[in-house]
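In what follows, structures are represented as structure tokens.
One chain, subunit A, links the two complexes that follow: it is found with subunit B in the first and with subunit C in the second.
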Partner chain A sequence: MNFLRRLFSGRLWALIRKETQQILRNKQIVFLLLFPPTVQLLVFGLALNPEVTGLDLGVADYSRSADSRELVAALVENDVFQVSTFEESQAALGDQVRAGRITAGLVIPPDFSQELSENQAAPVQVLVDGVDANTAGIAQGYVEQIVNRYNQGLTTPPSGQPESLPIETQVTFLYNPGLLSSWFFVPGVIGVVLTLTGSLVSSTTVIREKDVGTLEQLLMTPAAGWEILMAKIVPLFVLLLGDVLLASALARLVFDLPFRGNYLLFLGLSALYLFVCIGLGIFLATLAENQQQVVLTSFFFNVPLIQLSGAIAPIESMPPFFRHLSFFDPLRHYVQIARSLILKDVGIDALWVNILALAIFAILFLGVSINRFRAQLS
Partner chain B sequence: MRRIFAQFLKELSQFQRDRLTVALAFLLPLAVLLIYGYAIRLEAKNIPLSIQDFDNSQLSRGYVERIFASQQFVPAPLLDNDPTLAIDRGIAKATLVIPPDFSRTIKDKDSVEVQVLVDGTDVNNARVIQNGIRATTQFFLRSDNLIPDRPRPQVVAEVRLWFNPGREEAFYIVPGIFGVILWVFPSMLAAIATVREKEQGTIVQIYASDLSAAEWLLGKELAYIAIGIGEALITLVVAALLFGIRIQGDPTPLLVGTIVFLAAAVAFGLFVGVRTGNQTGAVQGTAIAGFLTALLLSGFIYRIDNIPFPLSALSNVIPARYYILITRDALVRGTGWAGVGFAPLAIALIGGFFFFAATRILHRMQFSD
Partner chain C sequence: MSAFSPEQTVVSPRTSAESVPAITLQNLRKSYGNLEAVKGLSVVVQPGEIFGLIGPDGAGKTTTFQILAGVMEATAGEVSVLGKPPREARLNLGYLTQKFSLYTDLSVMENLRYSAGLRRVPDAQFAKRAPYLLQQVGLEPFGDRRAGQLSGGMKQKLALCCALIANPSVLLLDEPTTGVDPVSRREFWDLLTAVAAEGVTVVAATPYLDEAERCQRIALIYGGEIQQLGSLANLRDSLGLQRLEVRAGDVATAEQALQASGAPEFVDIQTFGDRLDILVPDAAQGEQRVRDTLAQHQIPINSVRQDAPTLENVFVNRLRQQGSDPPYISFPMKHAGKPKGDIAITTQGLEKVFGTFQAVKGVDLTIRYGEIYGLLGANGAGKTTVIKMLCGLLPPTSGHIELAGETANLSRADVRSRIGYMSQKFTLYDDLTILQNLTFYCGVYGVPQRLQPEKINWVLETCGLQGREHTLTASLPGGWKQRVAFGASVMHEPDILFLDEPTSGVDPLARRQFWRLIRDFAHRGTAILVTTHYLEEAENCHNMGFMVAGEVVAQGSPSDIKGNQPGQLVEMQTTQNQAASDLLKHRLEPWRVSIFGDRLHIVLDNPDQELPTLRQWLQAEDITIHAAEPIPFSLEDAFIGIVQRANVD
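For the complex of A and B:
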């Protein structure tokens, strides 16, 4: 009771009000709270897309027959490829691939149609630009599937349906049946946005006071160190919570994310993650002398945090060392929580490891940064 | 000319006096190279796959064995006989469900349907899994002679992967990192240096002197291009040592492209620095913005053709987009000028615009104050 009375009687409350006013009066911080998160979320959500469609295909058709045209038609049928150029010769086709103007080239030899009609194997060559290894691999898989289907069509008895294979694989995509890439990226980007904004805004508010020298004035007041810090953290926390709401509104309205899990749980865990971000921001501010150094050092922390989190490229694809290293990345745990709660309908029982990790990081980051801050105060 | 050179020297000596900045200027690019170069991989290997085999016959076991033999999948446990539970928990990425009449149907020369449940969260690997299972199923059918004999008109596609037959993802990612590093750091350093002159008021001395805006900016421009060249060389050497990246073919497009690109990056930094007054937070915001555009709108990770309309227009004015074409060509394809001749021109155009804008702004301030 005594503690509560102290909490709201006067001093701390007054400090909190002072900090809030200071933040809201600073247009720059209000701007940082609103503008970058919105833009980042939209740009990330729209721009990151691993889809493999509309690959530019060049064709060198020496056969010029009905069969060869049918093969080309089969390749472009489901939009993985689009024919962008017909070349006279294989060499010219090769030049197009070399110059990077087409991703794949199809060479159909002159005796293609003849071989088919004589029931022989008819080889065609597909040149794929392998620079983009991932796209090339998926394109290769599609070419093989399309040619298999085409062959099945060839063996269709004139009257009947194309016969089906002995094993037909029926693939169902769970959680994201349309394979919308924004559904993968946006939950992760919410985490990225909170990290960038949270650490930026909290380091700015602390370093400002260092820069301007008002920290000394605060120290001369009877307020204790913990009160000064609490007064800094509480308004930041509330404002950043507003960013969580902003981000989820955008995710819901613009990207149509399903939010299948418990939304309150999502909010609560986002709040937990905000403490990590604030801790990181204060830590950066204690590390640096001025704001320029904060800029550079924040890169040092934010780049690995984001990259190892799986927000931009999947963790499962990383080499083992980095996959293990990612467990020490708080953002990784938050991204996993956000994806699970937004896309899957899972509860605490599937997420408790990540929640525990977040809690530990929050305590650790806040603890270390508060300690350093207090050491610098005295 | 002499005055520009004096500015250039002054700028360099000022730069090397700030030890922390010097250290960060050369360490940060390496850190970015290491993290991106090693940690960005799109295609998963060793995908955990759980199996629910209701048939449990010799044939179905053979099928399962064949699927794991491809090295693409590793077995994951099936939880509580529920095909989706392991995927919910993230223990498996996919579950293959083999129906009870699997072997009987196949022996009856009929078609049987196997269910594959795939975690669709990771969109890219969902496709990789689908293709992988289909390909191994096809392979299993052929190797076990289960495809019914048929007349033989068969198109055989011989797929050749050029430039990167082993499909090493590093050959795609590492050249792209150059575009990010050499954009972000030179522009950030230039912006910080310009803002610092404003904050400390030394810019007023420039206003008072008879040095013109263009001369002052050119001195800075040259100094940070020089620093950028240092960063480029270090990055190239480390990339060669760690990732086996070599310059292929004609080195001149890379040389010209890099210098033009650095010039554009520094010009952008100067523009930001001149523009934003003394709010370092704004510089910080711009640094992040520059970083994000170089990362997201340049085709660094995913294909640039996938960016939808309003953003795709924006990506046309992102110099990193053109520079990455140059580095990918110079470090992987080796085609030379024939492939990327227009790229340095596009970069120069954008860089020239920023430099011109910075000169204009500074010029105006010089006289209004």
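For the complex of A and C:
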């Protein structure tokens, strides 16, 4: 009680109240906290939605049999693919893919029907336009899925031996081999949104003080560096936590994400990640001289953070060096936590490495920025 | 409107009378919500005229300028600039504000070239004009320096050059010399006078009334209306009073004694540095009365001079009649006991080097509790750097500092809580209300909750802002922000107070109130380090140091400093001050000649022999000296001499 009274009459409270009043007065920041996260989440989430329809499929059917027509029918059945061209040769099909007129090309060999009837593995070839990696991955996934289903219709269940499935797909990626796509975009985008908003908003509140010149006056007061920063962090933290709630509501309502894990744990770990973002933002503010510089520097930091995190492009697709580097990306750890808690039901025991990493990043960023904050005037 | 009509002969526009007036304002009005900032302003400015606007903070000067510049629309009334609406005339307009309108990342030359490019100045004209302008204001050697690295005075001079590069017909200047040192602002005005002679119309607002005396006509604005309009002579005569310049041992007690006497002869008593200006209807009678009164109180008189009133006398007197003298309310001091020890600040061999630039060179200072120490010097001399090192914001490169008995860690919280600091620029948060600002500073300095209302009220009352405490700070005029900022920096009753140009941009009445408060704090034992460009204010200091290029070149009490000036100061009135000044600066050493309002001040080693020569020189150019008499050095004369002599070395 006594402690509380001291806190609320003390310097820290005066500082926090001032920051809150400034933030509430600043319509821009309130807007920045609400509007972009919503739009980003909707745009990223909807645009990266793996539900794809109407992909252009080209077919080079050397077999010209009932079986081959059945396979093509199975592919177009659920509107994922539409056959836009039949080509005479594999080479012509390849040209179509190369020209970007079709997304996938299916090559059915002449002995397809015969091999099927002899219960042998019948290889078909699929050419996928890998320039648009996402669509390519999705196309690949669908072809495999549909071919598998077609397989199951052929074999007399239960065969028990998947090796002897009648049709064997050999997928060849043109231009961009070895890519994986997943359904996990929305949790990743939540991480991206928190990183962008958190670091930008916190860096602008710190840099504004430097821009208008009140920082010097503030440093002349008895308030310690950590108190000044803490006062800046607390109201932002509360507002950003609101962003987490907003993002998870959108994820639940618009994208129908299951939130299988403990939601309070998700909130707690998101809060931990917010400290990392705010620490990063303040660190950027101590590097820059003015608002313009801080925005540009934040691009320099944020873009690689996002790229390395696996939020958009899978970590598995990176070269080994970057795959290891991604361990030093706090967003990677957060995205992993978010995916695990939203899509699976896992506990702390499975996530402790990521949690530890986030804690270390939070302490590191905040510590460094507090130190730099005092030192920067000279 | 004006109490009398201006004499056309005084206006004497150089161009023919049939030509279009440079500026016509007809019943101009501007309201912000309920607040009427300008209430029916009418004035006509002729081409080539230098027109001065003076008035207290919040009189509506800035609003008028913004309307003239076409930045803002008037609520009602007619505005025309060069016979057109302001927005259409803007290619022929130059507009300069208190804030530097320069690109800090560009060099001096690049800034000029940019301004020229915007207004499509032909290359040939630029090549001729740019060096001329830079040379006029002494910026020639700095063509390659980035504008951000210039001192405040240099920035304003460069901004003026940028405004002049395109040969505008009309120049609008909204207090451009705020925070500019006495030498630089004279260079600034010398250039203005020169371009006005070429036919440029200049409308200038200034907080320095000696500058306003250089204008052909002056409008005194108050409460959004022109209260008086006319030449300097008109305004003076309108008072119908004469001025006694009284120098006495102790100005403050002498003022009290004279005030207390209640004699009807003393229409107004104003302190002005080390002297009292007493406005009396009859000089001889008044002088007798002053001598009698002070003799009664046994206050020795050093000298009494009779002279015409200055513009500042007129200004202060008019505003006092309006009842706008800010109230003096003693600060509610709670602090018991004086600070321990005697010496508040000492430095030995203080140095600061930025890269290859030596900003501060071997400064030794000693400031005691209860002492007001003035740190004076040109813009960029290193005053602010010294202050920042003293308060621990900037580590010194070498040297020893002792602050409040502390030598090692100057930024410790308990040291900080004993220090008050008001920096040169924005101390308040523009996006908070006045009350929120004050509550914040109370809280952050740990003023106990129960004492806060009393202290905040004191600030509001002193600033005359009761009932307006919920106004957003951004909407306050500059001078009022300064007052609130001062209040915010003293609420925690600091033992040591740093004030970096606290009165810059503050009107004369409020400045007097400021200094009364500063003296109060010193009297109660606070050590105060203050910088200012109003040299007459510096007379309030017990001790002072003059800094030039990072060094303290002269130190002592105001009388020591003035006493150590070489030569004899002669005040002259001539038919053409500007031409006389230009000529004499050429013939004598430049530091010996300066313009003070409508007078010339000249330092001569031997007036009796030199004056006839000067008279001859001027006569050859058709300039007549009306009057020339020896006067004592003021601090401003001393400043100009010290700074300019040191720069020559």
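The criterion applied here is as follows: the second predicted complex is superposed on the first by the 248 of 378 C-alpha atoms of A that agree within 3 Å, B and C clash if a C-alpha of one lies under 4 Å from a C-alpha of the other, contacts with A are read in each partner's own complex, and residues count from 1 in each chain.
Everything that follows uses one rule, which is that contacts are C-beta pairs under 8 Å (C-beta built on N, C-alpha and C of every residue); 3 or more make two chains touch, one makes a residue touch a chain.
Keep in mind that what you see is a predicted model, and the values were worked out from it rather than measured.
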Touching partner for A:Glu88 - first (subunit B), second (subunit C), both, neither: neither
Partner chain in contact with A:Met220 - subunit B first, subunit C second, else both or neither: second
Dominant toucher of subunit A (residue count), subunit B or subunit C: B
Touched partner set for A:Gln21, first subunit B, second subunit C, both or neither: second
Which of subunit B and subunit C A:Val43 touches, first, second, both or neither: first
Which of subunit B and subunit C A:Asp256 touches, first, second, both or neither: neither
First (subunit B), second (subunit C), both or neither touched by A:Asp79: neither
On subunit A, the residue positions that both subunit B and subunit C contact, one per complex: none
For the subunit B and subunit A complex, residues of the former touching the latter: 20-21, 24, 28, 31-32, 35-36, 38-45, 47, 63, 84, 87-90, 93, 105-106, 109-128, 130-135, 137-138, 140-141, 146-148, 150-165, 167-169, 171-172, 188, 192, 195-196, 279-285, 287-289, 291-293, 296-297, 301-303, 305-308, 311, 315, 325, 328-329, 332-333, 335, 338-340
Residue ranges of subunit C touching subunit A (in the complex, touch as defined): 388, 391, 393-395, 411, 413-414, 416-417, 419, 421, 423, 425-432, 436, 439-446, 448-449
List of subunit A residues in touch with subunit B within their complex: 28-29, 31-32, 36, 39-40, 43-44, 46-54, 71, 95, 97-101, 116-117, 119-138, 140-145, 147-148, 150-151, 154-155, 163-177, 179-181, 183-184, 196, 200, 204, 290-300, 303-304, 307-308, 312-314, 316-319, 321-322, 336, 339-340, 343-344, 346, 350
Subunit A residues within the subunit C interface of the complex: 9-11, 13-15, 17-18, 21-22, 25-26, 212-214, 216-224, 374, 377-378
